[in-house]
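In order of appearance the chains are A, B, C and D, and numbering begins at 1 in each one.
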Amino acid sequence: MTRLSNDYIQEIVKECRPFASSGVVADHLPGKDQSDLTNLAITIISDKGEVYSAGDDGYVFSLQSISKVINLLMALEDFGEDTVFQKVDKEPTDDFFNSISNLENYENHKPYNPMLNSGAIAVASLIKGLNVDERFGRVLTFLRTITNNDKIVLDEDVYRSEVKNGSRNRSLAYFLESLGILPYQELDAALDLYFRVNSLKVTSRDLAEIGCFLAKQGMKDGQRLIDPKHVRTTLAIMITSGMYNESGSYAVDVGFPVKSGVSGGITGVVTGELGIGIVGPAINKKGNSIAGGKALRKLSNDLNLNLFNR
Amino acid sequence: MTRLSNDYIQEIVKECRPFASSGVVADHLPGKDQSDLTNLAITIISDKGEVYSAGDDGYVFSLQSISKVINLLMALEDFGEDTVFQKVDKEPTDDFFNSISNLENYENHKPYNPMLNSGAIAVASLIKGLNVDERFGRVLTFLRTITNNDKIVLDEDVYRSEVKNGSRNRSLAYFLESLGILPYQELDAALDLYFRVNSLKVTSRDLAEIGCFLAKQGMKDGQRLIDPKHVRTTLAIMITSGMYNESGSYAVDVGFPVKSGVSGGITGVVTGELGIGIVGPAINKKGNSIAGGKALRKLSNDLNLNLFNR
Amino acid sequence: MTRLSNDYIQEIVKECRPFASSGVVADHLPGKDQSDLTNLAITIISDKGEVYSAGDDGYVFSLQSISKVINLLMALEDFGEDTVFQKVDKEPTDDFFNSISNLENYENHKPYNPMLNSGAIAVASLIKGLNVDERFGRVLTFLRTITNNDKIVLDEDVYRSEVKNGSRNRSLAYFLESLGILPYQELDAALDLYFRVNSLKVTSRDLAEIGCFLAKQGMKDGQRLIDPKHVRTTLAIMITSGMYNESGSYAVDVGFPVKSGVSGGITGVVTGELGIGIVGPAINKKGNSIAGGKALRKLSNDLNLNLFNR
Amino acid sequence: MTRLSNDYIQEIVKECRPFASSGVVADHLPGKDQSDLTNLAITIISDKGEVYSAGDDGYVFSLQSISKVINLLMALEDFGEDTVFQKVDKEPTDDFFNSISNLENYENHKPYNPMLNSGAIAVASLIKGLNVDERFGRVLTFLRTITNNDKIVLDEDVYRSEVKNGSRNRSLAYFLESLGILPYQELDAALDLYFRVNSLKVTSRDLAEIGCFLAKQGMKDGQRLIDPKHVRTTLAIMITSGMYNESGSYAVDVGFPVKSGVSGGITGVVTGELGIGIVGPAINKKGNSIAGGKALRKLSNDLNLNLFNR
């Protein structure tokens, strides 16, 4: 079996970078364009704190849908599983991430899961705080803590773009209101929080820290920040739904919980062992990093990380 | 943490049996009726061969959809992953197990996964043999081998009922033909094999043996019968899709691969450790055993079996 | 063949009123409750101006979806067919009137037709005027003109309820924005106009006048108010889509263009001959007046009004 | 207004023929290929028996889906509206002609209408006769009678192709069986009848005679062959559903009942006045003749045939 090292990761970056050419950089991300296409960074942090990193690991990008994991953890802590899963189910779906049809057609009258935009907006209404500033402050503090990175800030341009191109999400939010899931008076705040957390600036290192925090069941520097039951729940939802309608393929080929964002980031979690942070901004039609996906498959195989293979 | 013992399992059976009253016995299973409702059996076999069992473990029932796991393993061995996944995808879906809409609407023009009836019929066409008798013989031999049970035979009444009530499955098969997935000349044989394997008579012990065989990555009595890569693939598909449109809930609450059948059976796999066989014929609307599901949740919690919690 | 007379209509009212008991009064209509259930009024106006009326023809109710016909006529006049049908198609659908799934799934990326809420909101953005007050003023003037009724005013309570319960429609509007159909800056005005016209207070007489105006191809008191081509287009859309997913049944049993509203109103048009106004607030699951539907079927049969039977 | 004459029709053929180039000839029609693309024939027969014809009116093609009109008329006569509409609804849909999703999803658990393949197969089971030969004989005799054409026969090549490429229809038939609509013992006969009537060889003249027979409310040579109520029902279904998911566009632009087939034929009915038969084998994605559709629009406008414009 391959041993984890900087050289080994460097090798993976080199091998996987060319695959980026078949993807595109998401078009509503200000400051990003096709010149970012072939960026690729991989950072891995072990449960003992060893850090391995290679590629463009200084590359800064917005958190995008990996925010769904962060918000879900906080909502579970703030309101508990019963309240959260009254508003959103935990079932995988074959629908695209921004689908609204399921809200209309699913007999349970709620989003299928918190990794869909609809579910994530519902979850964003379940974070405590007097107003959206306070709520956002709490999320930001939490993220800075688990990543050891006080420099994480909002990308104002991305945030403005999220708001400006937010009609599809606003449509989802109003539909949730009509289902009785998102109270009218919470709607703007939930959307705003969702847009803000999506717009946080991170690197592959931050994503690896998130993964490592989950791999350690919610422990940070010897302190329990999140109930392990909530971590477990989040990881299970990541494995069935974290890569949208490509999740099944990742469960088979990678075999551990992963979550992607449209800016090309992926956070991976090998429970008890490793956190993985990858960024490769060239994404496929399903919204997932192409080179990042290749790299994950290689890492899983080479390092024998597949949960179903042990 | 609870220690595994016959007494402990007996306790679980006692606790979970009452939940059966909210379910129904599937109505097209000859010889089964509401008098079977409160049957419940649990058998667990460790990778070292220790057997724990309690409840109605003499209760005989038909394999039903757990056949999908057996057939998938054989098809992967016979034709390899590339050929199998050309005919069926590996993505979870929110559709019901017998859904045909996805065949019409999914852009990939194939069944979402091998745990849907449509996918299972496609897989059933990928088992080698000159004719359906030879193919069925091979599947039966394999099943008898991995369960150490030469007495497994076809339930003729169930088989006749499967054929007689088979129009929905036949409709799926012809749709597969129209998509170019199931050659016309293979259609009857694939359906017949599917119906036959569904109709095999088993007990909770047999299901536990199946689970144990998978937990040991395809080893039986020191011999490798299935490539561990194929076992791994099958387990990943089970965790995202094994309990139909209740799979997400099981991934969260149980946290290891499971597969159900409409006769109330469930096979569970704790990789490297245990195989679990449960039967409780009272099923819910989604086709899963109600008391069996309760029992699995308890076992996972008490024995700390959740993959995402370690 | 039966001759049209007040006595004859009185007879129809008497016969059809009892069917109301199987329906319900729509629950978001302020001032209406189950005590309105058995109201029924029928008014018929011939192209020569003869008026026949019976039942509760003093009963006042809100226009609701019959507004879709009025707005469509004005939009066609203001912008022409090409512009209107760039934003909304003219195809019937099996979807419910407030469906959003079709916006996501229809390959043409627009509402199926202007009789769906989604289509009607798109159409409401195509009525000229500096602001929503001016636009609403134009629609109101037009409606008052074609009904000879200067007393038609907004029902403030209904309007407030439309706004308050408007999340589903707001969700549709934002989805239209995301499709590029409804410019962001027009969204609030379009919704507001839609809500206002829905809230206009009318009687069966007013609906009959609307029908008569269309039966006369857009002529009022010797003046052409609407291009006959636009009337023709509107009538064709009414016959395929005017009664939502019950339109086919009406085309067969009634056989001339009709349009319903959730307050129980129906406008019917026998080209060149008659306008029909009916109100019966007990509606079925599809949003159509039950007693009103019975009455229409009888009228069509008795008076030989079916277009396909001549 | 234009006067109907051979010269006028000749003009229309000339004008519309070039539009064929954007279409394709359906690929499962033996003996037809792209060399047929620009064929176009128009035949119009008045209720007084005057015949106008131009273009390739000697061109022979198979009846295809226009069979749905013929079979529906016979089923209505043989079993009455109640029995027929127990098995198939009369509602338009946005689905494609060979869709199966609606059978799974429609709450009424039957095909939306008899113009869909699913509905037509259900209808084909409602034609009396001891066996399929006798049933087919009755349909053929009826068609020969109403077209005055004893030479109409089966195209054996087309029939064989229908059977060979029939999996999609067979899938629909088995789904109907599972819904309790098509008894198992009737399934093969219904499909076979459906395939046979589809395969009858006709010309534009035959289609015009069919249209004329319907325009005269089911009268042929002074004899009533079909109850006018059944004709009326069929015409209403044609106007809402006869051109599949392009029906709304035809209702608006043409404004009288029409029915198309995939071989490029269209039958049109101007009640009380005319029957129209057109063939232009270049079809669009929705299965309708392109040049034929252009011609119908022109005829409707020039001759003022739109039912909603009189």
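In this section, a contact is a pair of C-beta atoms (placed from the backbone, for glycine too) under 8 Å apart; a residue touches a chain by one contact, two chains touch by 3 or more.
Treat the numbers as computed from the prediction; the structure is a model and nothing was measured.
K.L.:
Work out the mean Cα position per chain and let me know which chain is farthest from subunit B.
P.N.:
C
K.L.:
Using mean CA coordinates as chain centres, what's the subunit B-subunit C distance in Å?
P.N.:
53
K.L.:
In angstrom, rounded to a whole number, how far apart do the mean CA points of subunit B and subunit D lie?
P.N.:
47
K.L.:
Which whole number of Å gives the spacing of the CA centres of subunit A and subunit B?
P.N.:
Here the centre of subunit B sits 32 Å away from the centre of subunit A.
K.L.:
Using the touch rule from the top of the page, what pairs of chains touch, sorted by label?
P.N.:
Pairs flagged as touching, ordered by label: A-B, A-C, B-D, C-D.
K.L.:
Which residues of subunit C touch subunit A in their complex?
P.N.:
Touching subunit A: residues 99-101, 103-105, 167-168, 170-175, 177-178, 184 of subunit C.
K.L.:
Flag every residue of subunit A that touches subunit B in the complex, lowest number first.
P.N.:
Those in contact with subunit B are residues 89-95, 102, 106, 112-113, 217, 228-229, 231-233, 235-237, 239-241, 245-249, 251-252, 255, 257, 271-272, 306-310.
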